[in-house]
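Next, two complexes with subunit A in common: one pairs it with subunit B, the other with subunit C.
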Partner chain A sequence: MKITIPHMGNVYIAVKILFDGLGIDYVIPPLNNKEALSLGSKYSPEEICLPLKLMIGNYIAGIKSGADTILLVGSCGPCRFGEYSELQLKILEYLEYNVDFIVIDAVKSIGMRELFNRIQIVGSESKKRFPGKINSVIRAYNAMCILDEIESQAHFKAGYEKNKGECKRLLNSCKSEVLSCNQPDKALKILKEYQKRIKNIAVDYSKNPIKVAIIGEIYTVIEPFTNLFIEDVLMDMSVSTKRNLTPSWWLKDMLLKIIKLNSMKLLKASNEFLPLYIGGHARECVGEAVLASREGFDGAIQIFPMGCMPEIVSKAILPTISREKKLPMLSLIVDEMTGEAGYMTRIEAFIDLLERRREHVFAGN
Partner chain B sequence: MRVGIPKGLLYCKYHPFFETFFHGLGAEIINSEDTNKSILNTGVKACVDEACLPVKIYHGHIASIKDQCDLLVIPRIMQVYRNEYICPKFCGLPEMVIHSIPDMPPVTLAPLYMHNKKSLYKWCISSGSAITRNRSKIKHAFELALKAQSNYKTGILDQKDITVMLAGHPYIVNDAFLNMNIVNKLKAKGIGIITEEFAPSSITETQIKKLLKKPFWTFKRNLYGASAAFYEQKKVHGIIYLSSFACGIDSIVVDLIRFHIGEFPMLVIKLDEHTGEAGVDTRLEAFTDMLERRVVNENNHPSHGQCLYSSQNSI
Partner chain C sequence: MYSLGIDVGSVSTNLVLLDNNNNVVEKLYVRTKGRPMEAVQLVFAEIQKKYDDRQIYSVGTTGSGRMIASIQTGADIVKNEITAHAVAAIQTERDVKTVLEIGGQDSKIIIIRDGVVTDFAMNTVCAAGTGSFLDRQAERLGIPIEEFGDHALKATVPVRIAGRCAVFAESDMIHKQQLGYNTCDIIAGLCDALVRNYLSNVAKGKDILPKVIFQGGVAANSGIHRAFEKALNMPVLIPEHYDVMGAVGAAILAREKVSREKTKTHFKGFSISASSFKSKSFVCSDCSNQCEVVSVLENQQPVGYFGDRCGKYNRFSASATGIAMH
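After this line comes the complex of A and B, so read on.
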């Protein structure tokens, strides 16, 4: 069995550490690129959301390098993500690729037993004993958490750094160094070292950079290829960004959802505008916008793929939050069109607006 | 007390329940008009751009009656069957409307779970308490409403020599303005129509069980199940699927049906706020012509590479 996974931000690094630790054969498809996108949009339904198209591109690249099993997480609605496995399986069957799908689905829809069975299929490939397996899983989880922290630190400190571009350089060298390392213990050590380095980066807190919250649909905010590397662009502009949705947050959220203790602060903040779960991360998006205004952010950028059902609801709500909480917002809708200029102009204009707004005579009123 | 019930979305399926219930509480019921051009236009203006056409039209219905009523019924239908949702936009419908249309009267915000009587009653209590505090009156109205709903049947069954399945969400199939009067157009062409409601549930169930995952959308269960069942039974000669542009559910269901039926004739009509009918008419004509040739002239053989009347053909 040779496993491949679809891309989502830095998840592949944690997955690599996990599979290296377990000793399971795997293929990490090349990072999302134009080829994956054009292959994906060729074979997927026209109106489906962008993540599915990119995933199809990833699978095809993975299969071509010898993968025969696809590992995917699932959900049980009401957002389209829950139906991905079904449709992707049909598409790959139609393309005459012979692959198995292992879908780590929500406990609610398949039951605890089936979930363990599915995890067992992957687990039985590993020759390690049970404690060793648990150890590898914990290590991979730790790696994911540290990586997310490094990333969020780098994104936030980009506005404060003394030497311009240092945060970005550090982040990039961290990723490439971890990826080239095949020993899980060593990889974790590298991550910890970078964690320290990013903590000790030279910053000047007297600066008062523009602070922007990145909110919206989880895949498009995490996967830089889909949002045209917006966080890198903002780092270059010396804008501090904060993004709440990360892979490690998602994992924690999924686990804590079982006992209903997940992201309490966020949900409490969203209660005023959207008191119920409507699928996807619409409620989180609304909550983050409210929190961003409370935490003194200058603005928020919402990103979602064309046609995303839950985010359309939150897009309808955001103008009210923007009005009531005096928080400028920009909605960016991404799809398989890769025209960059339109997005960059909008982002630049938005940041300009935030800067001028501060200098305005009514600023702070 | 005047209660407004907009004639959009699942009104077509559940209006006896809502109307009987609020009528039973002694409220005056104000319906919006049938969908028309001005409703469409106000809806498109008010609603968030990315939403699908039925949701935009729903906004138009609300805008047209909001000033005449003291309470607006915007059913937040979460689940019709256990663990099966409708669509995320239905779950957030009251929020979408409140934040898009200014000066709204009070609306019903309670979530509506319809899979059992108890949770349905809960919705009735929370919505009815805006009108009366009398619990027994609510209970009585609730029972009447249930009865009215159970006597109400929807769907079109009109089998002829050539019959097509008219698939699509109920609010598209039943709204003559939204679907450009497709039912009458098909009738005028002498084509029979059958809708999802008439698919035998036993075959639907077996088709659904073949799926990798139990569907969590009621629309998917109904539409995929019924299309697959009619196809397996050879009960219809083609499928016409009415879908609105950017519908998330249809983007998956249409392709699942396509993968299942293969070469079987299927026409997908995407509807949006453009109201030019010529394009739809042409497609409909071409599709029915094709069905006629397939059924009448060619005895169901694939026509690819063959001539219609090969003996008379000079080539």
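After this line comes the complex of A and C, so read on.
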């Protein structure tokens, strides 16, 4: 069995550490790029949301490098993500690729026993004994958490750094170094080292950079290719950004959902504007917008793929939050047709708006 | 000392010179024709006849070709069109609350309160009603674009045109022509349809309050102007330099920046009009990002790069998308 996975941000790094530890054969497809997008768009239904198309591109690249099994997380969720695995299975069948799908779904939907069965299929490939397996899983989970932490530190400190561009360089070299390492223990060590380095980066807290919260649909905020590397762009503009949705957040959220203790703070914050669960991460998006205003952010940027059902609802709610909480917001909708020029113009203009607005407030008007 | 503003748009390239009090002393307007670098050289060759390099205090570029123009000229500031237009509008009318801007290929609305931009929107799905669409229709009807608006004013009964999409608007117009409607009525109907389209797409959900300013190349079209006034039921002002407002904004911002930072301008001089500029693009395959990198060559020497995400080629800064932050 040779496993491949679809991309979502830095998840592939944790997966690599996991499979290296378990000794399971795997293929990581090339990072999302134009080729994955054009392949995916060619074979997917036109109206489906962007993540599905990119995933198809990833699978095809993985299969071409010898993968015969696709490992995917699912949610049986009340947004289209819930039908991804079925639809993708059909598409790959139609393309006459002979692959197996292993969908790690939510406990609520498939039950504990079925979940363990599915994990067992992957687990039985590993020659490690049980404690060794558990060890590998914990290590991969730790790696994911550390990586998310490094990333969020880099994004936030980009506004405060003394040497411009240092955060970005550090983040990039961290990713490439950890990826080129095939020993899981060493990889984790590299990550911990970078965690220290990013912590000790030279910052000047007297700076008062523009602070922006990145909110919206989870895949498009995490996967930089889909949002045209918005976080990198903002780092270059010395803007501090914060993004609550990360792969490790998602994992924690999924686990805590079983005992209904997930993301309490966010959901509480969303109560005023969206007290109901409407699928996807719409409530989280609304909650994050409210929290951003409480935490003194200058603005929020919402990103979601064209046709995303839950985010369309939150998009309709955001102007009200914007008015009541006096927090400027920008909604960006991305798909394979997104024109880079207009997109960047909007981001730049939004940051200008925030800067000028702040100067105006300081001037006492 | 003058501040130079250059707006390299999809349809036209404009240049303005502002004096110390931000009054327009010179303005030039040429068609870009898909060759932004040649257009900049053309306006420079023209302006060089009257001014010399030492009179230039600062340079700003804006418009969709702002990056390439900044590399070419050595601009002090590179600003997006939205900010540039807003700054120019506030400079012209202190108490402006709404800016309608329709250019060659995009249309925007900018909401301003107390002299600060509070919201904006830009067309995302359709280019109906922008300059290039009107150009095409004028050409098809055999009317010079300059007279297009006046024809609309002569209309007695505007015909209703389906303006949701540029292509359908065109077929609807052809259909109405075949039915024998008067050309003036069709043009007036088209103006109404395009304004409807703008208000329901770009300006959707925006609070349009007076004073309203209408700028951008399309503001020259009196038919569209009247349609806006009719639809909004309020006076819509057209500033004197409506056609070069982007360049005016860029020049104002450039002056602000140079005087704030007390630096000297990076301006390379009008002599670049005689240089030979070329751009080359290639796909960098050093990593899986596969960026399409553009390099600008001046007399065969590379003077700037953009498009690389890692910043490897960009000598000005580690820029993600080519937004050079000098």
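Just so it is clear, the second predicted complex is superposed on the first by the 359 of 365 C-alpha atoms of A that agree within 3 Å, B and C clash if a C-alpha of one lies under 4 Å from a C-alpha of the other, contacts with A are read in each partner's own complex, and residues count from 1 in each chain.
FYI, a contact is a pair of C-beta atoms (placed from the backbone, for glycine too) under 8 Å apart; a residue touches a chain by one contact, two chains touch by 3 or more.
All values reported here derive from a predicted model rather than from experimental measurement.
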For this session: Answer with clash or fit: subunit B and subunit C placed together on subunit A by superposition.
Result: fit
Exercise. Looking at the overlay, does A:P319 come into contact with subunit B only (first), subunit C only (second), both, or neither?
Worked result: both
For this session: With both structures superposed, pick whichever of subunit B and subunit C touches the larger number of subunit A residues.
Result: B
Problem set entry | Touched partner set for A:M235, first subunit B, second subunit C, both or neither | second
Exercise. After the fit on chain A, how big is the angle at subunit A between subunit B and subunit C, using C-alpha centres and going to the nearest 10 degrees?
Worked result: 80
Exercise. What is the contact status of A:N172 with respect to subunit B (first) and subunit C (second): first, second, both, or neither?
Worked result: second
Exercise. Who does A:M344 touch here: subunit B (first), subunit C (second), both, or neither?
Worked result: second
For this session: For A:I333, decide between first (touching subunit B), second (touching subunit C), both and neither.
Result: both
Exercise. Just subunit B (first), just subunit C (second), both, or neither: which does A:A282 touch?
Worked result: first
For this session: Scan A:R357 for contacts with subunit B and subunit C and give back first, second, both or neither.
Result: second
Exercise. Is A:N33 in contact with subunit B, with subunit C, with both, or with neither (first, second, both, neither)?
Worked result: second
For this session: Using only C-alpha atoms, work out how near subunit B sits to subunit C after the chain A superposition, in angstrom.
Result: 7
For this session: Return the residues of subunit A at which the contacts from subunit B and from subunit C coincide.
Result: 319, 333
Problem set entry | Parts of subunit A lying in touch with subunit C, wherever the complex brings them together | 30-31, 33-35, 164-165, 168-169, 172, 228-229, 232-233, 235-238, 319, 328, 333, 340-342, 344-346, 348-350, 352-353, 356-357, 360, 365
Exercise. Given the complex with subunit A, which residues does subunit B contribute to the contact?
Worked result: 47-48, 50-51, 76, 78, 83, 85-89, 91-92, 95-96, 99-100, 111, 211-217, 220, 245-252, 254-256, 259
Problem set entry | subunit A residues touching subunit B - in the complex, by the definition given at the top | 45-49, 74, 76-80, 82-83, 85-87, 89-90, 93-94, 101, 103, 105, 108-109, 273-274, 276-280, 282, 306-310, 312-317, 319-320, 333
For this session: Within their complex, state which residues of subunit C touch subunit A.
Result: 64, 79-83, 106, 114-120, 122, 124, 205, 287-290, 309-311, 317-321, 323, 325
